[in-house]
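Some notes on the structure that comes next.
Order as written gives the chain letters A, B, C and D; numbering starts at 1 within each chain.
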Amino acid sequence: MMAAVAAAPSRGIDRVRRAFQRFPFLPALIILVALLLLNGLYQPRSVSFIGITGLVKTYLALMLLSVAQTYVVYAGDIDLSAGAIVSLVNVVIVVLMEQWGGGGFAVLGAIGIGLCVGLGCGIVNGIAVAALRLQAIVATFATSIFFAGLALYVLPVAGDPAPAAFWRTYGGKFFGIPFVFYAAVLLALVLYGLARMRLSTQLLAVGDDPQAAFQSGLPVTAIRIKGYALCGLFAGLAALCVTGDTASGDPLVGGKMTLFSIAAVVLGGSALSGGFGAVTGSVLGALIIGLINSLVYFVGTPSEWQNLVQGLAILIALMAGVVVGRKARA
Amino acid sequence: MTAPLDLARQPFLVASALIVALLAVGEAISPGFAAPQQILRLLIVAALLGIVAAGQNLVILGGREGIDLSVGGVVSLSAIVAGNLMNGADAGIPLAVVACLATGALFGIANGLGVTLLRIPPLVMTLGMLGVLQGLLVVVRQGIPSGRAAPALSEFVTRSLLLGVPGIIWLWLLIGIVMVLLLTRTVFGHRIYAIGSNERAAYMTGVPVKRVRIALFTLSGMFSAIAGVCLLGYSGSSFANVGELYILPSIIAVVLGGTPLSGGKGGYPGTMAGALLLVILQSILTTVNIAESGRQMVFGAALLVLMLFYGRGRAMRA
Amino acid sequence: MSKLKLGGVSKTYGATVALRRGDLEVEAGEVHVLIGSNGSGKSTLCKIVAGSVRPDSGEVLLDEKPVDISGPGAARALGIGIFYQELSLAAHRTVEENICLPDLPRKAGFFVDREALSRKAARYIAMFEGVAGEGFAAEATMENLRPDQRQLVEIMKALASEAPILILDEPTSALDRSQVDRFFEILRRLKGEGRAIIFISHRMDEIFAIGDRVTVIRDGLTVGTSRIPDTNPAAVIRLMVGEQEALVAPAPAAAGAGVGAPVLSVRELAGPGFSQVAFEVGRGEILGFGGLHGQGQSAVLRALFGALPRISGDIALGGERFAPRAPRDAIRRGVAYVSGDRRRDGVIQGRPIIENLMPVHFLRGRQLIARPADLQAKAKPAVEALHTKLARLGDPIGALSGGNQQKIVIARWLIDRPDVLLLDDPTKGIDLSAKADLFALIRKLAAEGLGIVLYSSEDAELLANADRILVFNGGRVTRELTGPERTRYNLYQAAYEAA
Amino acid sequence: DTFKIGLSNGWVGSEWRTQMIEEAQAAAAAWKAKGQNVEVVVQSANVDVPGQIAQVRNFINEGVNAIIINPNSPTAFDPVFAQAKEAGILVIATDAEVSSPDAIYVGIDQKAWAEASAKWLAETLGGKGNVVAIDGVAGHPANEMRVAGYREIFSQYPGIKILNEVNANWDQAQGQQAMQNLLATYPDINGVWVQDGMAAGAWKSIMDAGKTGTIAATGEIRKDFIDLWNKEKLNSGASVNPPGVMASALNIAVLMLMGKELKQPATAGQYKNALYLPIPFIDSKNLAQVTSALEGKPGYYSYTSQLSIEDAEALFK
């Protein structure tokens, strides 16, 4: 009876709030557009077709890894081994492609095995965290050390080249459009499909309150393992992109990507506590990180200040994203 | 008597038992591993980690997904600041220690303000802060005189101070006692557990939630700063990024010590044992002559197994 | 033939015996009431049937065949639906998603069938049309709903299981009268369809309004079952409390007698959910807040305690201006606040009882050091005054039953005596004997010169204990009932008339 | 007109890298006196391989004339260097070799660098003794080349036995801890082969164990260490990987941009694209001379050397 009185003037605010609740990535989108404009202002060529192609080529891997991270974050978990999985899959496919002669079938076979390895690593994480009930942060840190060791075992030193067929495809064009754009479109479709999967809703419900989800009759352990499996699979896909962009095997290549993937997830508006977020945001978050790094250079920051300015800019973007998102939803 | 001790005791015993077991393994693999002198050296290394883990422990106890990833940056920065200020002279030590504590406190307060006033999740806030600190390191290193430790500091960390035991181990012991008293015998300690268990209820009973949490992050920064100074003494000269190694191990030490990342329960004695456990494990692996890939795999697997001893969460269906 | 039968189920948590030996027999087509004081094991029994707690021993029979309920999923498959006392909702999911969460309609195996989901949810939402309140919609997310609305969603979720056996563990504790009435209509219909329903409530009137049979649990033991027509409240209470004499409600307060100078006075108070609130509370007085659920009573109490932002108006404590910015300010000035939502606002979970008792004292006593012996000495009298059942002050608070936990939450305010005591539905989910203890104590505190404000969602409780009642409607005080005006009729009339 | 040269550095974790950039900037400024304007733009940050690829792409977008890179990977830049070449950009790698046929390498031979100090150690031990090695980051190409280098040398001395090899990730404190553990495990160590800054750490442990007189170990090139070397009279020898390599590469780049041609094309090394620079060596014989060269420098300053413009010109036709 009360609330009806005050309804009229707040309708517009209400709509904004609803938009931010439904699309948690709106703050990220705003930041991204601003960064694109600034990059274009300081270095017009960076937002040209070629510039954007380069951006996507370089950051497609981080986008995929951030997507991977998002699925575990949905359920309130985290995966500190995502980067190590990238390294492992990267060296596995490069070594296999080399051993099998580098032909078309060798490439496809190696990709298949690589994705299975990613999936397997994800399942191992899932079992450690969900079935054995170890705390996600520390358990996946332990598995990350294990996976990194395994990668080192598979390829003891960085530098094995990937077959030209592989990276020329990744870096090439078809009908005048770079391959990575096809990949990006495919990714969008896959993510659209995944968002409609029961698993996505279930992961988010688990993230909101695992005990409640369990009591509702959801197979919480299985759902969390599936989340990690999905994470491993997407980390495997990220490894394919890394391999495409770097054309070689490197047992250390993914190590630093883990923390960036977490930052991207947060920039994208997902809550690390689980239950709330969107993979779209994580994709935008990955691009934001890339654009911040190049903008810091394009505005002419002296070299010794670049790391600091990047760090500050990312911190501010993280804080702004969290605060704006919350204010807008409240 | 009071519960914090009760809760801390059990994991402490588990970790201690594991320490003894690991020492036995080490001694079996390479005779001399568990010799008193070597154990003292391991304790020095464990003390460095343990001091960082003290701050980490406090932040984690405070709940609300408390975690401090910026400890690594603070350790590095403090080692460099201390090195420059003392510049190899004993007279510079007091100033260096004060400056480092202030630096650590400053970044801790910044973390705390971000976490409380802006309500940024601690993982995010401190991850961002770590990036800032790493950038700052590059800037600070420009045009500095030197990064040498004062001789007295090096002595304190590596040479015997009392009863054949180096000063840093005494310092660690002191920190351990202070931490236990702080957590069990002070109002502040009770408040830490209260906000870690149910922040809202704490707020409704008059606990200054934000101030307590800011204080926790501040203390974490200060402990990291102390560790940074000690690390300078340990290695004799400052160099970049020394602290990065402490970020995740400090968290693992806390968890192996029986403080869950969800906060609100646990204590420091377990963390001390956890830190020592971690250092012993690493040392054993160094002395075993296998390829690095093997060492890493064994280390990762061993950590998982160790966590099974007490790091496990509650079953959904009790 | 019984639909569901429990034979000697038991459950212990460490040293706590939650359920000693639970026996229960429920038939199809009946509403079987389960009653027992706090911590007697009702919820534990329900959770065992629903598969979310693993029993230590005993058997469960469905249609007289023993079954193994291995988890909540298995229970659902066996045809058991449940309303959880503590709710089982996902805060960021929508109403319709929550209703269908246990069994999301699927399309092509992996995908959610959105249309089927909306259709399914709409059926249950429609059942509460008109009573669900402002802001309730299929697309609303849980975090934006009020507690009573969340409880309705949990009810819908339980109903959506369409299970032959329905377990309802205190489904009405946050609902207002119209919502309860609607719910009972639905229950009667389900009963007619032949469902077996287990219903738990602490409200005696509800039990007699809806129940067919009642089973009483005392200290984890089933002590008896009777047909509702063959029994009466007094008999049920006797069974609940055992050999002890049944506790009678305290005599109505002597209205206005012995009321001293105003200790708390409020003028033109306005804030989120209330406005133009004005009243005075004298020393020795118990002022009641009444009216339908959620008309601003709790918000006013929280505002007085400094726990609500953005309020305006004047508050005076003992004649001095008072503008609390945080509970800390209020506590320092001698204001105490007890919330009925103990899980959220009251209990510091996982910590020892003693730590749950002391925070207020730390603040009021300006303490820095916590000496265990000193704390014990201070805590003992407060705990004993409330007849709290506990083994040691060092035990974790989780070892106590809900009612005893609430007593601890109240006891923490008694170590340093406050001037004003704000009670925000303090007996929610507390059993009858604990309630009696509590109100005796409140009266005693009033007699010692405290000013007390009591909001209760139970009218009988309010009428029996408040010297004066302010009836809230739409965020304002619409009527004041004093002396002989304090009748159930007047209270309802004031509560239900349009604001 | 002006040559615009991009310097890409993917790791800022050590002062050596900072000095490398500073020397290169100074070298660019020196060209002005010769009447050639050289503008350097720098990207220097902690990045992973994809991040450094992004740095190169930024340079391409900006349209620089040449890129000089201290690469985080030997092979990962093949595609992006090909792209740079298409855009007419000269690419020179320094400090770590790259496999790309579209780039040349100007720097020291990391394997030869390790061989020199291993040889010193073997000779100092008189061709026999127990040796341990403390390596950098396992899997890192520069580390692996160095490991191959010392292993090859030690295998030529039948009396030298490698007891253990551990990785301390180019971290001084980890080097110190590793040495401490090794000393506890092997009481009979005669020699330690250790790289870069970890040497200071290893030596600290050796000194703490009171074994300064009985153990010979390789050293490093920072002033702090050289001072310690003098003071404690360490039995040490150090190959120099001078931070000046990037400055040398820059001088070569400018000459190539001027259209000059190398007398001997860069075809050395495993990737057949390397131009190796000389590797200075420090031992007791020239310690005094090195010490005076470092006089007045900060403690973290590394002993350096570079191709002067004249030296570089001498390499061209």
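As a convention for this text, a contact is a pair of C-beta atoms (placed from the backbone, for glycine too) under 8 Å apart; a residue touches a chain by one contact, two chains touch by 3 or more.
Chain labels with UniProt names: A = Autoinducer 2 import system permease protein LsrC; B = Autoinducer 2 import system permease protein LsrD; C = Sugar ABC transporter ATP-binding protein.
Keep in mind it's a predicted model, so treat the numbers as computed, not measured.
A.B. asks: Average the CA atoms of each chain to get its centre, and name the chain whose centre is farthest from that of chain D.
C.D. replies: So the farthest one, by centre of C-alpha atoms, is C.
A.B. asks: Give, as an integer number of Å, the spacing between the C-alpha centres of chain C and chain B.
C.D. replies: 43
A.B. asks: Need the CA-centroid distance for the pair chain B / chain D, whole Å please.
C.D. replies: Computed from C-alpha means, the inter-chain centre distance equals 33 Å.
A.B. asks: Which integer distance in Å separates the CA centroid of chain A from that of chain D?
C.D. replies: 35
A.B. asks: Residues of chain A that touch two or more other chains: which are they?
C.D. replies: Each of 151-152, 156, 211, 214, 304, 306-307, 310 in chain A touches at least two other chains.
A.B. asks: What positions in chain D touch 2 or more of the other chains?
C.D. replies: If we look for residues of chain D contacting two or more partner chains, we find 12, 18, 46, 138-139.
A.B. asks: Which chain B residues touch at least two other chains?
C.D. replies: Residues 134, 138, 142, 291-293, 295, 316-317 of chain B each touch two or more of the other chains.
A.B. asks: All pairs of touching chains?
C.D. replies: Taking the chains two at a time, the touching pairs are A-B, A-C, A-D, B-C, B-D.
A.B. asks: Over in the complex, which chain C residues touch chain A? Could you list them?
C.D. replies: 47, 50-52, 71-73, 75-76, 82, 84, 87-93, 97, 101-104, 106, 110-112, 114, 134-135, 141, 157, 273, 474-475, 498-499
A.B. asks: For the complex, which residues does chain B have touching chain A?
C.D. replies: 65, 67, 114, 118-121, 123-125, 127-139, 142, 248, 251-252, 255, 260-261, 291-301, 303-304, 307-308, 311-317
A.B. asks: In the complex of these two chains, what residues of chain A are touching chain B?
C.D. replies: Touching chain B from chain A are residues 80, 128, 132-135, 137-139, 141-153, 156, 210-211, 214, 220-221, 259, 262-263, 266, 271-273, 304-312, 314-315, 318-319, 322-323, 326.
A.B. asks: Can you name the residues of chain B that touch chain C in the complex?
C.D. replies: 1-3, 6, 184-191, 193-194, 197-198, 200-208, 264-265, 316-318
A.B. asks: Could you pull out which chain B residues touch chain D in their complex?
C.D. replies: 30, 32-33, 35, 37-38, 41, 45, 134, 138, 141-142, 144-148, 158-159, 231, 234-237, 239-242, 245, 282-283, 286-287, 289, 291-293, 295
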